[in-house]
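Two complexes are shown next, each including subunit A; its partner changes from subunit B in the first to subunit C in the second.
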Partner chain A sequence: MRRKGNLLSLIPYYIWILFFVIAPILLIVYYSLLDLHGHFTINNYRNFLTSVYLKMTLSSFWYAFLITLFSLIISYPAAYLITKLKYKQLWLILIIIPSWINLLLKTYAFIGIFGNKGPINAFVKAIGLPNQQILFTDFAFVFVSVYIFIPFMILPIFNALDKLNPALIDASRDLGASKITTFRRVIIPLTMNGVKAGVQAVFIPALSLFMITRLIAGNRVITLGTAIEEQFLTTQNWGMGSTISVFLILFMFIIMLLTGERKKGVARNGKAK
Partner chain B sequence: MKSLIRASIGILLVCGILMYTSHAMDATSGKSGKDILTIYNWGEYIDPALIKKFEKQTGINVIYETFDSNEAMMTKIEQGGTNYDIAVPSEYTVEQMRERHLLKKIDHKQIPNLKYIEPDFLHLAFDKKNQYSIPYFWGTVGVVYNKKLLKDKKFDSWDDLWDPSLKGKVILVDSAREVIGVGLNSIGQSLNTTDSTVLQKATNKLIRMAPNVKAVIGDEVTQLMINGDAEVALTWSGQAADMMSENEDLTYSVPKEGSNLWFDNMVIPKTSKNIEGAHKFINFMLDPKVAAQNSEYVGYTTPNKAALKLMDPEIVNDTRYYVSKDVREKLEVYKNLGKEKIGEYNELFLRFKMSIR
Partner chain C sequence: MEKLNKRSKLYLALVFVILYAPILFLVFYSFNSGDSMTNFKSFTFAHYKEVFQDSRLIVILINTVVIALLSALIATIIGTLGSIGIVSIKNRKMRNTVLSLNNILIVSPDVIIGASFLILFTMAGIKLGFMSVLLSHAAFSIPIVVLMVLPKLHEMSSSLIDAALDLGASRRDILTRVILPYVKPGIFAGFFMALTYSLDDFAVTFFVTGNGFSTLSVEIYSMARAGVSLTVNALSGLVFFVTLLLVLGYYFITKRQTRSGAHK
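Let's turn to the complex of A and B:
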């Protein structure tokens, strides 16, 4: 009886998955096989495999890679530092709070900060350098994206580091390992799952960023997300938009497989969102 | 089991509340009847005093709602559940709405003031007999630039945008037809070109402009131009007027090779419940005095010939907006080119954007 009850209670979950995960994916695949007039075609896929979209895919991956890399470089030491602090939960909250603010608002704020008359250029001028064009550069794009994604990277890494048993580090030191060796051979392997979860939480959304590409990079950076938005909203070619989405979903699955944990049962703690 | 039942009841309850709310919201949005007129217009696109005046004159209560894109407006009307009596789409959207049977015919007998409209602005390709639409405002696409930041620069020709001295200074609008249109205009071709080789040629020319392009953005350009953060931008005359009213260093120019002529038009959506009131409103807005007041308030150019005589001559004689007759002859209204061609324009535009690096 108990077992049955458990199965029954899973029904809402399965219904949810069916309607909000499986059905939309099937719909996207279906639409990707339609042309403008609703006839079946594989031309959308052929179109995707042309140089324009392949180039776009490459550049999307490149920027997503950069964003993930810089997020990781900043987040790992930051998370490590926070675990050593006295009020670590408070510090963590301070890092997480900005992620509650709407992404668009934060992006708009950066338009002002990076502008020719913004605080950064005011500082640049004060130290006697000529005005710098910051907005609409690769730097601005990566900077803002990293800023936005950092909480999603810090959280899982923090959790992994926080769970790390300090006795293991002591043991390593007692057995004569240097600080660097301890870090390399003990801390990193034990927090790898946190890093993987963080990479997933950053790399995948970074692949499909779209508003920031226009607002901060002025469309000088074109990602797959931008292309999907345009196909749906301006061209109204749902078929092509869906085709790009199919590839995006495929890429996401591949990344999940690559960064996924081998062993099941290890808590996938703090996977943001 | 108990918790399962409790959860199901909870879900049902939430659904019920949501359904009720949505029903209640439907009832208030676009509620219409004999003495109510629901108007669906762009934001800040009418002098509010005129709505009051109309209400006083006719005893009709006006509900005023706004939208910010043609597509959003059309989708909302198409989905139903609204009772808009007046909407103000741009010309290409009028054509699409007509094709999708979303519009009611306008009875010209009920609109005597139609005679005040400049004849050049009637009977255009998107609605040959003005059966479905009456022009509200019109305008052009051109170049807005900062005289102070760009000394001695003029934009009399589209080719001026290719000037090497403008490296990294040009802002373009994120819209395929306008940008590809610059390429087409600059090689002396029609904005409604459907020939793929010509389109390719225009794109190739645009790609040569890529080093000059600072960014391809949307409405954010207004703030950048006002703050003096950007030197020169491709924009619509109305948006240019907004910028210029905030920053005196800015000016606007329509290059001599020609450009786009656009219209926003009053239409009566199929969902209207107060057709008589809608006609009254259209007629009211065409009254020369009303049109003049509205145009001076909003800052857009009016198609109402009689209204021009009542307006400040300084505005009416400003050839940046009220372009001279020979420039006007070179302006072209967009035709609906069909989804395939629009797709091609967008593909080419995407290729152009990818070349900006």
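Let's turn to the complex of A and C:
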């Protein structure tokens, strides 16, 4: 009797899965095969494989790569240092709070900060340099994106570092490894899963950013996300928009496979050492 | 524990300053009596007053809050019932499939969720506006609720339910008097997460909002595209404080729950 009751409670949940998880994916695939007039065609896919879209995909990947790289470079040391602090959980919460503030507001703040009369330009003027155009440049786009993704990168790395058994580091030091060797040969390999999780949490959203490109990069940067938004809401070419979405989903799966946790490998490494 | 040297401390301080400076900058200028985010003239509440006198903005604020509360409520109910169902699926393969399907919306980029929901609502003939935004928000919050409630259900020993059954409890009693009280912390956490997800969302709403209806995020976006206006700063200030209150509320509720849990 109990089991039947519990399975009944799955009905609304299954309806949700059916209508909001499975149906949307199928609809995206279905629409990617339609042209503007609703006829079946594979022209959208053919279009995607032309140089215009491939170039855009490549540049989107390039920006996502830069954003992920800089986030990682800033976050790894920060996460490492936080694990050394006395009230590390509290500091971690302080890192996470900004990620709960509406994305749009943070982006909007940078319109003011990077603006022609903003504090950065006031500083530039104070040291005697001419006014710089910061807004609507690649630099501004990458900077703001990195700013937004830092908490998402720090969190998994912090968790990995925090789980690290300090005895391993002591052992490595006792066996005569220098600080740098210990870091390179012990700490980094053992926290690789955290790094992978962080990369996954940054790279995929970075590919699909579209609001920051509009507000900060002023249409200079076109990511896959921007292209999808444009096809759906401006050009009203849902077929092409869906095709780009299909590719974005494919890329997402590839990235998740590449950065997925390989528990077996880690265990083997651990034993071998 | 080794002490951090000066350089490390400086680095960490810099990271924290960069993380918080833009937000404080934004809130700071919302009190500027001037009309831009450049030189601070004098302190004023004028921009906040403007927000509360603009009936259109008030309507949008109310919309945002109603959508957040309603969608979080729907998501919490469906998500909690779903989790209770999931733990009772005996077939392991089936359960893993359901869990993978559950996580799809969490890992999907917002643009794709937005675009596919737009197609879905158009095909289903649901008019874009309040209903479509509400359904979308509930839909992308359900998996988070499930992820918050499931661990609590796994923690619960099944002998509790057997005991209740032995003592003659009905199915409904077991749900309302054994299971739900036990997983309450998870349900609350899920509800709060759903609230913040809804308040935070821009991308999905932007796709499914249609013409007449707007939430705060979408409104701020269109205002920001038109240029800097300190009304947006005042709105930001409000959103910032509400978010802070929610985070603190969430923090204290989970804290209290773990403490009362420890008492048992």
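Definition applied: the second predicted complex is superposed on the first by the 243 of 273 C-alpha atoms of A that agree within 3 Å, B and C clash if a C-alpha of one lies under 4 Å from a C-alpha of the other, contacts with A are read in each partner's own complex, and residues count from 1 in each chain.
Operating definition for what follows: a residue touches a chain if its C-beta (ideal position, glycine included) is under 8 Å from a C-beta of that chain, and two chains touch if they have at least 3 such contacts.
The structure displayed is predicted, hence computed values, not measured ones.
Colleague: After the subunit A overlay, clash or fit between subunit B and subunit C?
Modeller: On the shared subunit A, the partners clash.
Colleague: Regarding the shared-chain residue A:L257, is it in contact with subunit B (first), subunit C (second), both, or neither?
Modeller: neither
Colleague: Which partner does A:P12 reach: the first (subunit B), the second (subunit C), both, or neither?
Modeller: A:P12 sits against subunit B and subunit C alike.
Colleague: As a test of reading the superposition: which chain, subunit B or subunit C, is in touch with more residues of subunit A?
Modeller: In the superposed model, C touches more residues of subunit A.
Colleague: Counting only touches as set out at the top, which of subunit B and subunit C does A:N237 meet: first, second, both, neither?
Modeller: First partner only.
Colleague: Just checking: does A:A126 make contact with subunit B only, subunit C only, both, or neither of them? Give me first, second, both or neither.
Modeller: Neither partner.
Colleague: Should A:A167 be classified as contacting the first partner (subunit B), the second (subunit C), both, or neither?
Modeller: In the superposed model, A:A167 contacts neither subunit B nor subunit C.
Colleague: Touching A:L36 in the superposition: subunit B (first), subunit C (second), both, neither?
Modeller: After superposition on chain A, A:L36 lies in contact with subunit B alone.
Colleague: Have a look at where A:L175 lands relative to subunit B and subunit C in the superposition and call it first, second, both or neither.
Modeller: So A:L175 meets neither subunit B nor subunit C here.
Colleague: Considering only touches as defined above, state whether A:I204 meets subunit B (first), subunit C (second), both or neither.
Modeller: A:I204 contacts subunit C only, not subunit B.
Colleague: Taking the options 93-101, 219-227 or 255-263, which segment of subunit B carries the C-alpha atoms that clash with subunit C in the overlay?
Modeller: It is 219-227; the other listed stretches have no clashes.
Colleague: So which positions on subunit A get touched by both subunit B and subunit C?
Modeller: Residues 5, 8-9, 12, 111, 115, 117, 214-215, 233, which sit in both footprints.
Colleague: Where on subunit A is subunit B touching in the complex?
Modeller: Spelled out, the residues of subunit A in touch with subunit B are 5, 8-9, 12, 36, 52, 55-56, 111, 115-117, 133, 135-136, 214-215, 217-220, 222, 227, 230-231, 233-237, 240.
Colleague: Quick one: which bits of subunit B touch subunit A in the complex? Just the residue numbers, please.
Modeller: 1, 3-4, 7, 11, 71, 168, 171, 174-176, 213-218, 220, 223-224, 227-229, 339-340, 342-343, 346-347, 350-351, 353-354, 356-357
Colleague: Within the complex, which stretch of subunit A touches subunit C?
Modeller: Listed in rising order, the residues are 1-3, 5-10, 12-13, 16-17, 19-25, 27-28, 31, 74, 77-78, 81-82, 84-86, 93-95, 97-98, 100-113, 115, 117-119, 122, 147, 150-151, 204-205, 207-208, 210-211, 214-215, 224-225, 228-229, 232-233, 238, 241-242, 245, 248-249, 252, 256.
Colleague: Under the touch definition given earlier, write down the residues of subunit C that touch subunit A in their complex.
Modeller: 1-2, 4, 8, 11-12, 15-16, 18-20, 22-23, 25-26, 29, 36-38, 77-79, 81-82, 84-90, 98, 101-102, 104-105, 107-113, 115-120, 123, 135, 139, 142, 146, 161, 165, 171, 174-175, 196, 199-200, 202-203, 206-207, 216-217, 220-221, 224-225, 228, 232, 236, 239-240, 243-244, 246-247, 251
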